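The structures come next, written out as structure tokens.
Each of the two complexes below includes chain A, the first together with chain B, the second together with chain C.
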Partner chain A sequence: MSWQVHLPALVVSVPLLGAFISIAMVKPRLRNLWFATILVATTILAFLMWRYVAINGTLVYVMGGERWNLTLPSGMTLPIRIIMEVDAFGAFMALAGSIATLASGLFSVRFLDRVNDGNKFVALFFLLFAGMLGLEVTGDFFNFFVFLEIASVASFGLIAFWRDRPEAIEASFKYAVLSTFVALIFLIGVGILYGVYGTLNMAAIAKNMQVGFLEKLALVLFIVSLAMKSGAVPLHMWEPDAYGQAPAGVSCFLVVVGQASLYGMFRIAFSVYGQAFEGSVLAWVIIVLGLLSMFIGVIMAVIQKEAKRLMAYHCISQTGYMLMGIGLGLLALSSSQAMSEYGFTAMKGGIFHIINNAMYKGLLFLTAGSLFYATGTTNLNKLGGLARKMPYTTFMFAVAAAAIAGLPPFNGFVSKLLIYESSFVVHPFLAVVAMVTSILTLASFVKVFQSGFLGPSRDDLNNVREVPLSMVVGMMVLCVMIISLSMMPNWVLANLIEPAARDLVNQASYIQAVMGSGL
Partner chain B sequence: MINNIPMLTVGALFVIGLYGVLFKRNIIKIAIAVSIIESSTNLFLIVLGYRTGGSIPVYTLAGEFKKMVLPTPQALTLTAIVIGLATTALLLTLIMLLYKHYGTLDVHEIRRLRG
Partner chain C sequence: MRPLSIVVRTICNIFAWFVAIFGAYVILHGHLTPGGGFQGGAIVATFIALLLVAHGGKSFLGWVKKEIFSSFEGAGLVAFVCVGFLGLSTTFLYNFLALKGGLFGSAVPIGPNAGVLNSSGTIALANIAVGLEVVGGLSAILIFMFLGMRYVSEGGKEGVKDDK
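After this line comes the complex of A and B, so read on.
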């Protein structure tokens, strides 16, 4: 037994420890050092966890048990302790999330010098980090709710971090009301499942699942609340406000936190309900949510004048791609022929899009942040001709914009192609909407690039200089990730994406890891 | 019928809270409505675990009783109450700051973020 079996607990507890100790840091230099150390350490832990799961299969960890893998003490038919369960999909999400978080953290280090209460920023940042990773490693419904709330409370604080700006407070309040409300809805859903099955463990519920009226009601509550948290269309209003008003490093972070909620939705749809849920209603609901998010998000993005708000709307439309890809996989779940025909390709596309979006959307928010750092505005009408003054930022922006628009050879192209191919098999209309969205995405980023970076230099921006080194390093992390994902898509598909997609589809192995095969 | 009254209360509280969140204009009232939904959720969890005639779920204190109410929902409710306290406090803080900036509590006047 190696120490690595404790990784699921460590990835949550290290940032949590980082949060509470950072409050007490007196010297700013020391605090910055602490910030960077914990960030890097957690990212390494997430990487090790991914590697461990890739080699040894699904990892189960019992909190406070006599042994780390004692899920069912003798004589019990239901697990009684809090159990964390990490399969390849969860480990993949944790890895992608922590890389984006590392970049946004490095980017934010210099930002901390400009504010008085940097300690609180660091504390909230780590709380959010712990909440996000917790969502991705837990195998327990109530635990999931707790981490959801940890992440929400930390993000209210971070969105309203510029508390002398009325808009920031307004955005945070909107998000707070909506998010508290849907978290309670989620809790009611958990309560219903507890009432029926007498347990809170996802795998145990999945094992006994027999879909009736109450289970359907709980599923509706789960889907509504997690769709809102991830910013899918009917409940997306908070997203442009929150992402637009938060400090740029935080917007980059909130993207991956939204994806953690998306992870929860897929986990519930595939691993808890899975094949017990007959009919294709759930799959179509997710696909339609995806279509709406894609199209409405991009339409709203095209007309925006404010760079960060524009990117936030794109975030909604990118979420649509993931929903559609994985929704198609869910549609094919009950028939192995459909699965090999289009379902698995769609799942690969959707999951690949998750990591792609974390990287390029994060990078876009960071470039918007450095525009703001250098010029004091992100309004596109007040920017222009910055390519000569900020060469690094311009380069990174160009890479990220090309990737999000799905231009070959960038990584966005690979994942979108997989989604086009598979959705075309189901219905050509789906593929057409996805392509139109992609073209409009390109159009709106050409607009940003043209009005922000090209053109004659403006007199009021003469004193602008490139952002400090640590911010460039933060952006560089994501830029390198985008380029390497683009350079070796086959390796990534074979080693990162396919194991994740396989584990997500394979409900039996998820149940077996906790419940054992004997019962 | 009489056994269903707790569940009906849960439903009634939830609907009242929902109405408040959707239709009230004063943001303090919205915060109160969120708290009402919170209470309905907590009540729901407690009712789930209740068994008629059950005693407290502490083994050493239960005495002669052979029947206990379920302990898990009570633990859940405690956690949910603590989380609810945190979110309510944050909501009220945000309301305070909003009032400082906008000078009003009317939700229709607090809308600089549009489109």
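After this line comes the complex of A and C, so read on.
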């Protein structure tokens, strides 16, 4: 037994320790060092966890148990302990999330110099990190709710971090009310399943699942609450405010936290309900949510004048691609012919899009943050001609914008192509909406690039300089990731994406990892 | 917030201490009786609330600094996570003290009994850690609510801004 079996517990507890110790850090320099150390350490742990799962298969961890994998002591038929279950999909999400978090953390270090309670920022940041990773490693409905709340409460504080700005307080309050409301909706869903099956473990519920009225009710509650948390369209109204008002590093982070909620939705749809849910209603609900998010997100984005708000709307639109890709996979779940024809390709596209979006959307928020750091505004009407003054930022923005628009050599193109191909098989209309969205995405980023970076230099921006080194390093992390994802799409598909998609589809192995085959 | 009358203050001086002792009792007997770290911590924070209301904020903040509550909070949380890490030789949060003799390690006799205080292993430690955290956290919330009230009632002259 190597120490690596403890990784699911460590990825949650190390950031928690980081959060609690950072409160006591007196010297800013020491605190920044601590911040960077824990960030890097957690990212390495997430990477090791991904590697462990890739080599040894699904990892089950029992908190406080006598052995790390003793889920069912003799004489019990239902697992009652705190169980964490990490399959390739969960490990992949944790890895993608940690890389984006690492970048946003490194970027935020210099922001901390401008505030005088940076310790609290660091503490909230790590709490959010722990909450996000917890969502992705847990195998238990109630713990999922708890981590959802940890992540929400930490993000309320982070969104309102510029507390002298009324807009930030408003955004945070709006998010707080909505998020608490949907968390309670989620809890009612959990309560229903607990009432019916007498257990909270996802695998145990999945094993006994027989879909009736109550299960459908619970499913509706789960989908509504997690769609809202991930910002899918009819429930997206908090997202532009929250992402637009949060400090830029935090916006980048919130993108991956939203994806963790998306992870929960897919986990419930595939691993808990999965084959037991007959008919294609659930799949079509997810696909239609995806279509709406995609299109409405992007047409709202095109008309924005404020760079971060524009990017927040794009975030909604990109969430649509993931929903559609994985929804198509769900549509094909019951027939192996449909799965090989289009379903698996769509899932690969959707999952690839998750990591792509975490990287380029994160990078875009960070470039918006450095525009704000350098000029004090992100209003596109007040910017212009910054390409010469901020060469690194300009380069990174160009890379990220090309990637999000799906221009051919970049990673966005690969995942979008997979989604186009597979959705065309189901219905051409889906592919058309996806392509139109992509074109409008390109149009709006051409607008940002042109009005922010090109054109004659403005007199009021003469003193603008490139942002400090640590911010460039933060952006560089994501830029390198985008370029490497673009350079080796086949390797990424074979080693990162396909195992994740296979494990998400394979409900039996998810159940068996906890319940064993004997019962 | 002005101090209340001498009657209230005197009674508070005598009886508030019992609240604190009862809270400490609930925390320490968390593994034996109903309640535990959170509930006991909330009771101890009531002690702070009583002092704050009876004596007024000005003299209360003269006795204790609010940083001390933040440090309680941090210490409790770190202690809890460390209890988890100490079990890591088996699994995270494993109860490595139970039934080992020594601290919180006694066995509990089978059948009805009055309970053994020195039992339950890390559960007791975790209760103490949570109790410390909740005392600090809830007291800090009370103090910040008081400072917010003062900020509003004095027209925003002092309070939140100078509390960093």
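The rule is short, and it goes like this: the second predicted complex is superposed on the first by the 519 of 519 C-alpha atoms of A that agree within 3 Å, B and C clash if a C-alpha of one lies under 4 Å from a C-alpha of the other, contacts with A are read in each partner's own complex, and residues count from 1 in each chain.
In the analysis below, a contact is a pair of C-beta atoms (placed from the backbone, for glycine too) under 8 Å apart; a residue touches a chain by one contact, two chains touch by 3 or more.
Quick caveat: nothing in here was measured; it's all calculated off a predicted structure.
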(request) With everything superposed onto chain A, say whether chain B and chain C fit together or clash. (result) fit
(message) Applying the document's definition of touch, where does A:162 land relative to chain B and chain C: first, second, both, or neither?
(response) neither
(request) For A:64, decide between first (touching chain B), second (touching chain C), both and neither. (result) second
(message) Looking at A:116 after the superposition, I want to know if it touches chain B, chain C, both of them or none. Which is it: first, second, both, neither?
(response) second
(message) Once chain A of both complexes is superposed, is A:149 in touch with chain B (first), chain C (second), both, or neither?
(response) first
(request) Consider the C-alpha centres of chain B and chain C from the C-alpha centre of chain A, and write down the angle between them to the nearest 10 degrees. (result) 40
(request) Have a look and say if chain B or chain C is in touch with more residues of chain A. (result) B
(message) In the overlaid three-chain picture, which partner chain does A:6 touch, first (chain B) or second (chain C), both, or neither?
(response) second
(message) By the touch definition at the top of the document, which applies to A:16: first (chain B), second (chain C), both, or neither?
(response) second
(request) Using the touch definition from the top, say if A:395 reaches chain B (first), chain C (second), both or neither. (result) neither
(request) Check the superposed model and tell me the shortest C-alpha distance between chain B and chain C, rounded to whole Å. (result) 6
(request) Show which residues of chain A lie in contact with chain C when the two form their complex. (result) 6, 9-10, 13, 16-17, 19-21, 23-24, 61-68, 116-117
(request) Would you pull the chain B residues touching chain A in the complex into a rising list? (result) 21, 27, 30-31, 34, 37-38, 41, 44-45, 48, 72-73, 76, 79-80, 83, 86-87, 90-91, 94-95, 97-98, 101-102, 110-113, 115
(message) Touching residues of chain A toward chain B in the complex: what are they?
(response) 142, 146, 149, 152-153, 156-157, 160, 163, 166-167, 169-174, 176-177, 180-181, 184, 187-188, 191, 194-195, 200, 240-241, 244-245, 300, 303-304
(request) Can you check the complex and tell me which residues of chain C touch chain A? (result) 70-71, 73-74, 77-78, 81-82, 84-85, 87-88, 90-95, 164
